[in-house]
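In what comes next, subunit A is part of two complexes: it sits with subunit B in the first one and with subunit C in the second one.
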Partner chain A sequence: MTEPIEVDILLVEDNPDDLELTLHALRREHLANNIFAVRDGEEAVEFLFCTGRFQQRDFDHLPRLVLLDLKLPKLNGLEVLKRVKQDPRTKALPVVVLTSSKEERDLVASYNLGANSYIQKPVDFDRFREIVKSAGLYWMVINQRPLSNPAQASRAASQP
Partner chain B sequence: MEFLKRLISSDFLPHGTCYLWDPNIVWLHVISDSLITLAYYSIPLALVYLVRKRRDLPFNWIFWMFGLFILGCGTTHLMEVWTVWHGTYLLSGVVKAFTAAVSVVTAVMLVPLVPKAIALPGPGHLQAINQALKHQAGERAQREQELIQLTEELELRIQNRTAELRSINHSLQKEIALGAESQQALRASQARLSSVIESATDAIVAIDEEQRIVLFNVAAEKMFACSAKEAMGRPLSGFIPERFRASHAEYIDRFGETGATNRTMGAIDELWGLRADGTEVPIEASISQTEAAERKLFTIILRDMTERKQAEARNVLLATIVESSGDAIVSKDLSGTILSWNTGAQQIYGYTEAEILGKSVNLIVPPDRRDESNRALLEVAQGRMVTRDETIRVRKDGTLLTVSLILSPMRNPEGQIIGISSIAHDITARKAAERQVRDLNLQLERRVRERTVDLEAVNKELEAFTYSVSHDLRAPLRHIAGFSKMLAEECGASLQPGGLHYLQRILDGTRRMGMLVDDLLNLARIGRHQLRLQVTELHSVVKDVIAELTPDMEGREVEWKIRNLPHVEGDPALLRVVFQNLLSNALKYTRPRAKAVIEVGCEKMAGEQVVYVRDNGVGFNMIYADKLFGVFERLHRSEDFEGSGVGLATAQRIVQKHGGRIWAQAELDKGATFYVSFGKARDTQAESEAAMAGDIS
Partner chain C sequence: MTQPSKNGNRNQRLHVLLIEDAPSDAEIEIAELRNGGFDVTADVVETADQVRARLGKNSYDVILADYSLPNFRGMDTLEILREKNLYTPLILVTGALSSETAVECVKQGAVDYVMKDNLARLVLSVRRALEDTRLRQERARSHEQLAHKVEELARSNCDLEQFAYVASHDLQEPLRMVAAYTQLLAERYRGKLDITADRYIGYAVEGATRMQALLEDLLAFSRIGRNGVTPTPIDANTAIEEVLKNLAFTLKEHNVTITCNPLPTILADRFQMVQLFQNLIGNAIKFHGKQPPNVTISAEKHGEEWLFSIFDNGIGIAVEHKEFIFKIFQRLHTRAEYPGNGVGLAICKKIVEHNGGRIWVDSELGHGSNFRFTFPAALADKAGKKEDYELSAENLVGR
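Moving on to the complex of A and B:
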């Protein structure tokens, strides 16, 4: 998948079935034009920080929302989350954990690392679609965000 | 009297008439007669005087006779004077007659006297006689001298004799006094003796030859419960039990014949006395015999042996205890020489009594313990009790053993310490057992540690497993569900009706599987959950849960009866899960009822608060009650009532985590009541550990 310049939603999902079902749900609701999926934690970090395979990417074009699975090859979801939330440039980026489990320790760790939301994927597909729809609607439509990249803004503000 | 009257009567003429009262003649007669009278009266006086003065005068009685007849003559003359004026001639005649009688007698008596008077020596003769007399007088004087001498001697002898008599008298008096004294002493001694007898602690009974009681002292009264008054005179046999009477009487008779003075009775057989109340008393008796006033007297001294018998029994018992004890009970003198050695000591130390008596206690003390032992002996000798919980002794065969020891001073009745008693308990086996227990404990601890490590590993695995289930097991289910749904939606039209039905079954299956996995994960989560106890108001918990259940009540008539509910100390989140399960069950199983009635309340049962949830649902058969709380156990078919069979297991786990209890009471088709008691709040750490262990099993 070649990445578009503007990405609305970055979907971090290693499982192809989940990927397909999630994309299906997202697209069905027409919540995003550009959805980009990465298949492991490392790829997610490279994409977001424009390194490795994605070093050509422009840091200014951060996605509007990250849907993050927790069980991922290489770097897991929590490590990705940690990096995103620790870096001032990506700190403001909304990250919604979308995962199969609702293990307490996952929940606690996610929120402690600064996750913006935590959603368990239900088994029932109808309910899954409902949830994806509401989450997309909320984060893409209802939720307000600064016009510029907060990191750029802060950088600009700090310049003399 | 007549005579006397006549005697003094003067009927006759006085004599003066005869004189013709011629004064001359009268007075001649009167004066002459008076003078004669006086003369006559004076002569007897002279004669009496002579006779009295001259005692040696022979025949002096004749002088008395002369005197008497002269006196009579004088009186006749006096009467002559009287009759001159008074005619008492009878009286004068009588006087004359008296005088005549006396004169005649005198004359007659004088006749034989005349020759004798003639024989009386004359003055010459008297001279010679005088001479002779003088000579005689000389002799007489000499004799008198001798006599005086004799008299003096006699007097001296009399004096001596008197002195002798006096001293005899004195000593006699003394003897008499002494006799009184000894009498008194005798009386005192008798009193003493009697008081000795009465105050004697031994019974003293004396009997005569007929064996009748003649003495019965106070102690005897006490011993036989019979007063002395009642006992006196009674036969002795009355105080001897029937079975001994004959032999006893014979015994005393024989004893009497032997003449021995003293003997102890019943030396061989036991003696028994019979009390007045019919009970018997063991006695010891000695008998003695004496003879008083030629009569035999037997004295029996009896001693009540009850106490001694008891003491003996006690001693026997004590000895038995000592002998039967498995402990070594040993006594020794203050220098440590062994005085007694019981069977237990023999068993423990291996020495027989004969081997060790008189030997030093050091025989059983190993050399390195002798200082300690001696110190202990010294301490006990000062009156202190010494205990050694653990010390070492040595057996005869040289092997060592561990004993616990109690040393205590032995005192004589005066309180002086005369020895040391020791009780040693062989604790070798106990020590070995203790060591074993210690070893076992150590082993156990090690095993616990190992097991803990194992368990921790298992726990980790389990956690990883549930985590993996949570993530990886659910995912394929979602995929199956998701794609089935998409297939139905997107390709439904091209599918045969049967195909659609199969798709639906797949979807149902995935949903059930999803529920099952979620419930199981919940259950596992609760196991790992740390209790966060706080006072929780059950009422609001129940209210909230009912509110959550609203969607399930759609189209149904449900009456909730919420009574007063207590505050309990518990984890609110978990308590909520309990009521979610109980209330959703109640709602579920009342579904066939036109009107469901669900009551939540609280009652006191056996002193604890029990919350109950009662419904009027389908209930269940109590024979399956034990399956109710098992994981995956279901009492209903899933076509009738859906469910995973995990809910009540979860509820039970939560309640148990709180230290409480959950149980149910139901009847098929008549509703069910679930009871929950919340035990006392316990240490949360212990709770979670218990829960962890519960998880593993």
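Moving on to the complex of A and C:
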């Protein structure tokens, strides 16, 4: 899939069946025009930092939200989270961990690395849709973000 | 000389280090041991250097040392043994020795002392020393085996943790797919399928949801006792307060009266204590009888431990089920009568036992239950008791 210039939500998910469910839930609520999905942690990092397969991308067009699964091939979700939150250019980017794990150590590790939210995917699909709807509504509509991209905003904020 | 015999007790090989300056005494001692049934080989020495050299080269079953030699005190051998990290038993064989000195020698590490004018005791003393050594070696061996088992256990705990993680994450993924796509199917093809199909889909989703709950309970169960929990002093009263907050809705719904007597401070993990009380109080409410639930919580000190009691006026438990209910995934009722997975009490048992206590129930069918558990009273004396207070559903939720 070729990526659109403006991506609203970057969805990092390796299971095609799971991916389809999340896409279904997101699209149903019309919360995002452009959802782009990557299938492993490496691809997610390349997309966000405009390297490798995505070196043609413009860094100023960061997505508005990253939905991140934790268990991913190549580079796991926590590692992706770490790289995003350690880099001043991507630090302010909202990352929501969306996973089936409710393990305390995953929760603790995610928040320690700077995750903005942690959501466990419920088994019941109606509930899953509700949760995706609430999260989408919150991060795409209610939550205020700087007009410039988060990287520029964070640079501006650090100046006296 | 070796005297072959079929009796295993006789002619036991004995390698002796004899610290003795009088050759005649040494001979008498060796003869005594041979008479006593030992096949003796002996090295006779009389200076510290000789002792050191011999101990460095040979391994002895026993050391017989004269208390006082011209250039060497027999007891100094103990120092050499410690230096060389040897545990060879040392028996003092000596002439005149005051009983105070003898006792002092034993205190310092000699296993026994034998007076030269009473050498008849020598064989007995040596036999006892050998037996003690054998027992000590056995202990050391079982200690080693224990250490090995502990290591094995740690490894298996680690495996268990890995398993729990897999159960939490990897097993839930496919489960979610089954449930979600069944629901999607139902939605897309509504009207095109018949009523039976809708019911079947309902069952499938219900099954998957229940399995998720089971996986989560199993995970909670396996989590107890995994590494990483440091016990801290917990005021049990505050744990109960937290539980009552968590259960506020249920308390109001069932018009529950909770009477909580002053509880002690114990050494435990806070989250586990809350879980323990919440499971027990939750059960007391869930299995209520015709009367509104009435739950009394109390604790009293019995010797070195606290005895907690959660007493209710519910449906009670038949005698034959008293043990059964603490086993994981065991239930006495159908899910329609009382919901649940049969994990709550198993978790309680694991928490209590992990903290060095016991849990049981005193109950009769139809006459309420008294769940009781003990907890070590490590902090008993420091723990202050709070004033009695009574909480009811009413003042809790501010109705």
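We adopt the following convention: the second predicted complex is superposed on the first by the 151 of 160 C-alpha atoms of A that agree within 3 Å, B and C clash if a C-alpha of one lies under 4 Å from a C-alpha of the other, contacts with A are read in each partner's own complex, and residues count from 1 in each chain.
Rule of thumb we're sticking to: a contact is a pair of C-beta atoms (placed from the backbone, for glycine too) under 8 Å apart; a residue touches a chain by one contact, two chains touch by 3 or more.
Model, not experiment: these values are computed from the prediction.
In the three-chain model built by superposing on subunit A, subunit B clashes with subunit C. By the touch criterion defined above, A:E103 lies against subunit B and subunit C together after alignment on the C-alpha atoms of chain A. Of the two partner chains placed by superposition, subunit B and subunit C are both touched by A:K121.
When the shared chain is aligned, no partner comes close enough to touch A:I5: not subunit B, not subunit C.
With both structures placed on the common chain, the touch criterion links A:V141 to neither subunit B nor subunit C.
When the two complexes are overlaid on their common chain A, residue A:D18 makes contact with subunit B and with subunit C alike.
Counting contacts as defined above, subunit A residues 15, 17-18, 21, 24, 70-71, 99-104, 121-126, 128 meet subunit B in one complex and subunit C in the other.
Touching subunit A in their complex are the following residues of subunit B: 466-467, 470-472, 474-479, 481-486, 510-511, 513-514, 517, 521, 525. Contact residues on subunit A toward subunit C in their complex (touch as defined above): 15, 17-18, 21, 24, 70-71, 99-104, 121-126, 128. Within the complex, the subunit A residues that touch subunit B are 15, 17-18, 21, 24, 70-71, 99-104, 121-126, 128. Taken together, the subunit C residues at the contact with subunit A in this complex read 165, 168-170, 172-173, 175-177, 179-181, 183-184, 205, 208-209, 211-212, 216, 219, 223.
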